[in-house]
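As written, the chain order gives the labels A, B, C and D, with residue 1 at the start of each chain.
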Amino acid sequence: MLDYQAILETIHQNISKIDNRGIVASYIPELAHVNKNTFGIHLRTLDGKTFGAGDFQKHFSIQSISKVLALSKAMELVGEDIWKRVDVEPSGNPFNYLSLIEVEKGIPRNPLINSGALVIADILVSNLKNPKEDFLNYVRTLADDKSINYNNNVALSEKKTGFKNYATANLLKSFNNLTNPVDVVLDFYFHQCALEMTCSQLSKAFYLFANKGCCLQNKLHITNQQVKRINAIMLTCGFYDEAGEFAFEVGLPGKSGVGGGIVALLPKEFVITVWSPGLNNKGNSKLGMLALEQFTTKTKLSIF
Amino acid sequence: MLDYQAILETIHQNISKIDNRGIVASYIPELAHVNKNTFGIHLRTLDGKTFGAGDFQKHFSIQSISKVLALSKAMELVGEDIWKRVDVEPSGNPFNYLSLIEVEKGIPRNPLINSGALVIADILVSNLKNPKEDFLNYVRTLADDKSINYNNNVALSEKKTGFKNYATANLLKSFNNLTNPVDVVLDFYFHQCALEMTCSQLSKAFYLFANKGCCLQNKLHITNQQVKRINAIMLTCGFYDEAGEFAFEVGLPGKSGVGGGIVALLPKEFVITVWSPGLNNKGNSKLGMLALEQFTTKTKLSIF
Amino acid sequence: MLDYQAILETIHQNISKIDNRGIVASYIPELAHVNKNTFGIHLRTLDGKTFGAGDFQKHFSIQSISKVLALSKAMELVGEDIWKRVDVEPSGNPFNYLSLIEVEKGIPRNPLINSGALVIADILVSNLKNPKEDFLNYVRTLADDKSINYNNNVALSEKKTGFKNYATANLLKSFNNLTNPVDVVLDFYFHQCALEMTCSQLSKAFYLFANKGCCLQNKLHITNQQVKRINAIMLTCGFYDEAGEFAFEVGLPGKSGVGGGIVALLPKEFVITVWSPGLNNKGNSKLGMLALEQFTTKTKLSIF
Amino acid sequence: MLDYQAILETIHQNISKIDNRGIVASYIPELAHVNKNTFGIHLRTLDGKTFGAGDFQKHFSIQSISKVLALSKAMELVGEDIWKRVDVEPSGNPFNYLSLIEVEKGIPRNPLINSGALVIADILVSNLKNPKEDFLNYVRTLADDKSINYNNNVALSEKKTGFKNYATANLLKSFNNLTNPVDVVLDFYFHQCALEMTCSQLSKAFYLFANKGCCLQNKLHITNQQVKRINAIMLTCGFYDEAGEFAFEVGLPGKSGVGGGIVALLPKEFVITVWSPGLNNKGNSKLGMLALEQFTTKTKLSIF
């Protein structure tokens, strides 16, 4: 039987010795202030045990990790109709993501790249009564924690400087793949990304993806088949143009965010969340990737 | 000696027999109402003679033709500094013009594609006291005609539906190649494109490009070297991804607009303007292209 | 307990009622003669049970399925050095696979697209004494079946008409990512792809990927970690630009070939092979994909 | 009246003071031996006067300059049918020229990029009795000089190392846009490029493009309209992705080669040839470009 606590602590110790910790995202000014030396790791098993090491109770900006939660809510609301507006293929292309939208006539490659996530945000804006409030409540329900909140300063910061997201949303609009006004969709999207959560809270929020669609509070949100699809998308598309590398080195479905968080999971077994704010040159948490590699190497657990 | 009047009339007659007149641009609702059967052609020689046939005194939306006038004004104002922010190469790429901006890190290929024209508009906004008013006065001076004006409905129409231009401007902004706010630059740009002029007025306005930089009123606006460069850019980049075809078939520097206008010129000799609102599949005036081909075939005049 | 035999038979019956069976690959003349109505499916569990329905004992050209076997042999021979010459990311790009090689300076995206497979072939040519003979023996060992052979006519057919592969190999050579002469590498590669096997033989040959690197004859060829990596690559890259779709709909690592075969596997559980020669517009077996979707839907088995 | 001899000599002096002379092409080993400090310039007017400075009588490898001569011969042989197999648009794309062939399904952008020149070579191979001999005679006739010859070592050198050209030819073949065997077309093409000529000989050979299709020996090879088209293609496509720059800075139709030569011309006036083996980062002669800029600045001559 694996001693998860000991493993997490060993990883924490290994990581704390590393000097080259990557670069903290600075394009969102609010994110640039984060202490590079923080590191947290947390694991929750399906039978209710939890393990943690380091700063696993500190809040950070979950950023793109929120795309998976938005996707699951959208699937709950409108089902398979999503796939008329967004595809499920890896983008494979680091350097010109707007061009892909042009080449493919407004259909984003998958819901985890920015363009696809904007389409999902548009779906949520159309189908939720009070989009920002309702989505927040959804995440609070999943994580069974009413203290979770948006960081409005981060959202505002994105609003002022997120020109590439404005470009993307307008391009989608020009292809008729955005039904709400650009500003409305982006306001929602910037808030969604500005959720602040701890490793521990994220392990709870992603519990349903390891548990056939049932959240911690035992409420069924999406079907088992939908869960499998979300996990498949995380595996093939969850790490920008490093998705193959993550599948290759770690071998778990997961999703990263530029805040330095990564959530990954082994279906029917556990959810693991790691946070280290320094990013590698692909925009994924440098030490977070390393920590998860060490974890699957030590435990020999992976979907493969 | 060439009988220009007879040649223009023959061309007019040939053109009027053609049924397949292309498709009128409909993405700007205001432009969609234009009568497809209108056709005008007008020529002004450097020694002051003018010739015309058809609807050469009717106003139309000059759209992208305005990019050449904006470029010349920008060169007058800031000189060669322009070329730090925009290149002079043909784009060669019909299908993904936003991707080019990404691949080339925010430096548009040339000042006659939309992205480049937005950078030029940004330069004018920064360097003119009252940008819209001053630019209008510049065009009125060039054409020696104070009646020329913007069509505000067309500008407003673009403002509401020009999502691709918003996408482009935001993308430039994300690469720090737009100094003014996106909305301000686009408001100027949409007005610039919404200038309404006749064939006759355009032949006057472009006179300086055939006359070493001196306008009709004998005022020197730009140097002879600058004129040569503008003409070179028109030849290599004036017709989107049909620039090679136009150089090949017509052999004159020129610029088209989606309103169906084309202005072309033979340095030291003449300016010729043609207007037919139906476009071919590259977005250039179908019969305008044909009329100019017939003109250079009949007259054997070309820069080559 | 699942009744695999009943499930395979039901799928076989469902499939046999379908009229639209896709298009048989005709670019290799030798493949065009295959009977479109053949269909075979075969499953082998790790505890030694086998199940089959339809034409699971008929031979077909395994084509790109061979890339996985070549990859495992190359990993056995040279280990992680492979990854200096080929990446592990999905290509994401159907329409311009040669351009990717240019953009990425001769490093193919992954070993399962043609360019990557040619690099692997080059490695085998360099590291095997008698490449064609030795590779054939490797496959015979894996499948525990000495009757397996190349179809020389198919290899010859490719040699005469495989211009795109010649283009790819020469392009790799121009980037110094092919050490042997183009003709030698292609001769090996065309033979590798021209292996003829049955569904039943393929289920045996892929046994090691479900069994931690141990083949049917209980010989360890590659490490468990290497197996996980090969499975990860199959999942993210095994189906051209339909890899995401396959992960989404089927949820198993697998590999298809233009001969109409698909092999997929659930680690520690089973290998399943299906064959139907008609392809969909992405080049994967149309009914093979469908059969595997039905299989994972019925059994609720998947890595996710 | 311009004193061409004085102007050429001044340019020669200016150029000889420059230290940074670019990089001599080394990918063809035979070319790497050329003395970087050589520089020649030569001008021939239509009224028969000639002027020269520096090494204008030394032979160099004309390389891509030959593409214009091959194009004119192909137009003479098969006329406008050429344009079914190759387009006339600038490529605009430095970094992935093979991808363009894929995107555009085997139709090269223009006859002056390698892919287009290979299609032209294929046309010559199909339409000339003894392709290499006949083409050599054509060039000798144009230049009125029977001493002109191929450098077989250069051709052989390309044959051994020109993998990118092999890739291109095979890719064209895969799109059915090459009728002869790849090896036959490339053998012709490598010889065509391996022509050795002096500045003086090139000024004679290109005489027909300034003289309405009539060569020095007063033989009409192509029509005036065909000449205009060739000149238009040289202007828009003659300098890879620096065509716009050349039109902008020099303003003459011209063609460069990696041997360091450039030929340019002013219709009805003159042909000018310059040679300096060091290339800039776009593959055009660094000092050759500069010399021509100085020439058109000093003489104020250009087509614009």
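The definition used in the following text is that a contact is a pair of C-beta atoms (placed from the backbone, for glycine too) under 8 Å apart; a residue touches a chain by one contact, two chains touch by 3 or more.
Per UniProt, the chains are A, B, C, D = Glutaminase.
Just so it is clear, the model here is predicted, and its values are computed rather than measured.
**Q** What chain is the most remote from subunit B, judged by the mean position of CA atoms in each chain?
**A** C
**Q** Just curious, how far off is subunit D from subunit C if you go by their C-alpha centres, in Å?
**A** Chain centres of subunit C and subunit D, defined by C-alpha means, are spaced 47 Å apart.
**Q** From the mean C-alpha coordinate of subunit B to that of subunit C, what's the distance rounded to whole Å?
**A** Their C-alpha centroids are separated by 55 Å.
**Q** Quick check: how many Å separate the C-alpha centres of subunit A and subunit C?
**A** The answer is 32 Å.
**Q** At least two partner chains per residue is the criterion; list those residues in subunit D.
**A** Within subunit D, residues 95, 103 contact more than one other chain.
**Q** Write out all the pairs of touching chains, ordered by chain label.
**A** Result for touching pairs of chains: A-B, A-C, B-D, C-D.
**Q** Which residues of subunit B touch subunit D in their complex?
**A** Residues 87-93, 95, 103, 109-110, 224-225, 227-229, 231-233, 235-237, 241-245, 247-248, 251, 253, 267, 297, 300, 302-304 of subunit B touch subunit D in their complex.
**Q** Sort out for me which residues of subunit D touch subunit C in the complex.
**A** These residues of subunit D touch subunit C: 95-103, 163-164, 166-171, 173-174, 182.
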